[in-house]
């Protein structure tokens, strides 16, 4: 029965699939696929999965009634350990915010797009407008504070205990940029 | 049990006779296993199979088990130290028992392995979804978040970034030196105005400085800080601060 | 109706979900989830999707009848079967885990580095720390359970069934001993 195979195909496909592709995969005519999709829509009535036509193709989705439970099950903060690149990027954003993307790269001595993207994806940092030269600015998020157990960014630990040259009186930002350029 | 393998007639550098005689000589340590070229036995067996023109699976399996056990014994013999002593202490009867133990353990896992391989083949029919979560489910709600990281990792990371490597001692180098950071600083100074002519950055400079300045400009481009325009070949180059939003030209 | 919500959740979840997590998400008792899963299995009979208990949880998969069409649609060819060396190494790791690399070699009678590397590459086994002598230990992964249709490693069939029969063992022992004595 073709509705069954269609259900399996749409279940597996991550994106909407056009009728023509379904017909190719099943080695049947497009008309049979269309009829099969009708039958599938009927079979899915009252089930947890719904059939939708989207963006030129067909796809399966979860029933909206299950959304709240799905959020409880799946939308948990992802907190794998930070890689060294992510920790450095996050510390620069946390201590200097708002800080521009080029500044982060200057301090770290390497482009930091992928670290910044991972931190953004996990909701630890976010864009905070643009610098006067149009560069993206970053700041930390409320989720960042929560995941680090901080009430505000003023609660960040004093970097002095890890500071290799604490006698330097210049501002943190200038010192980081200077050190970054010396390394670069 | 089939005994095809043990009757295999061998003609090796160090031994001529049936395979089971070779086995027993090895087990009784009358023949040094280290001197037996096991590959020769395998080749002889393959010839023997070829000559027979049919494959007795049970016999072939038995041969494989025996040869695997010999290989293992040999590799152990080649290892110095306690393993060797342990083996030396074994009387021939014990060595046979040991070999038997190995053969049995091996037979067990060979069977289990074949079962796993078959299980995998059977399971290939079922495919699983690997679609990303819908966007609404990708971000965790704030209320659910609990502390997962120590703030100290940020302080440590920042401390390491404050470390300046010791400056290289370049006094012994006679050639005038232009540093990239220095030229980067010059370009960044000019960039604060939003736009400037490249000529301005290298006015009165030597060729080395010009080259390093050009390199610095490329570096700024790579880092997304600057871009430039040049209307004609060898014409003036206008450098401007770059924005990822695509804003071009001067920004006051 | 809980079977419907369960179907939606399992449709969305990227990995098998334990009953307890489903119960938490749906705010019901575990017994209700178990009953709901039974109902879902019934509802899925004759459909394109199958319910499986794998790797410590529940998950949905496509029906084997749709395999050929699915592989055409997704351009996902069958993975090559395990080589005998890989199958033996995998079985030793699966039954004896955690097991050290030298132990695997001892049982197989040959070094097994390349088989272990291939299994690691395929995500079926992974490193599990080091033995007291510093040798790498191996264990199987959740992906192994999923791809081999197992709920847990306790689900593996009793390996003693592949031991040679007592008669065969006796014959083998006889022959080895006789070989040792007779050729004096």
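Each chain carries a letter (A, B and C) given by its place in the written order, and its residues are counted from 1.
Heads up, the rule we're going with is that a contact is a pair of C-beta atoms (placed from the backbone, for glycine too) under 8 Å apart; a residue touches a chain by one contact, two chains touch by 3 or more.
Note that the coordinates shown come from a computational prediction; the quantities given were computed from them, not determined experimentally.
The chain with its Cα centroid farthest from the Cα centroid of chain B is A. Chain-level centrality, scored on Cα centres against the all-protein Cα centre, points to B. Each chain gets one centre point, the mean of its Cα atoms, and the points for chain A and chain B are 28 Å apart. Each chain gets one centre point, the mean of its Cα atoms, and the points for chain B and chain C are 25 Å apart. Measuring from the averaged C-alpha position of chain A to that of chain C gives a distance of 31 Å. Among all residues of chain C, those that touch two or more other chains are 11-12, 60, 62-63, 70, 74. Shown for chain B are the residues that touch two or more other chains, namely 127-130, 133-134, 137. Chain contact summary for the complex, chain C toward chain B: residues 11-12, 14, 50, 52, 59-64, 67, 70-71, 74, 76, 78-79, 81-82, 84, 87-92, 94-95, 105-111, 146-149, 156-157, 159-164, 168-169, 171-173, 175-177, 179-180, 182-183. Across the complex, chain C is touched by residues 1, 3, 6, 20-21, 23-25, 27-28, 68-69, 71-72, 75, 92-93, 95-97, 99-100, 102-117, 119-130, 133-134, 137 of chain B. Per the touch definition, chain C reaches chain A in the complex via residues 1, 3-9, 11-13, 17, 21-22, 24-27, 43, 46-49, 60, 62-63, 65-66, 69-70, 72-74. Partner chain A is touched in their complex by these residues of chain B: 127-134, 136-142, 144-165, 167, 180-181, 184-185, 191, 194, 222-225, 241-245, 247, 251.
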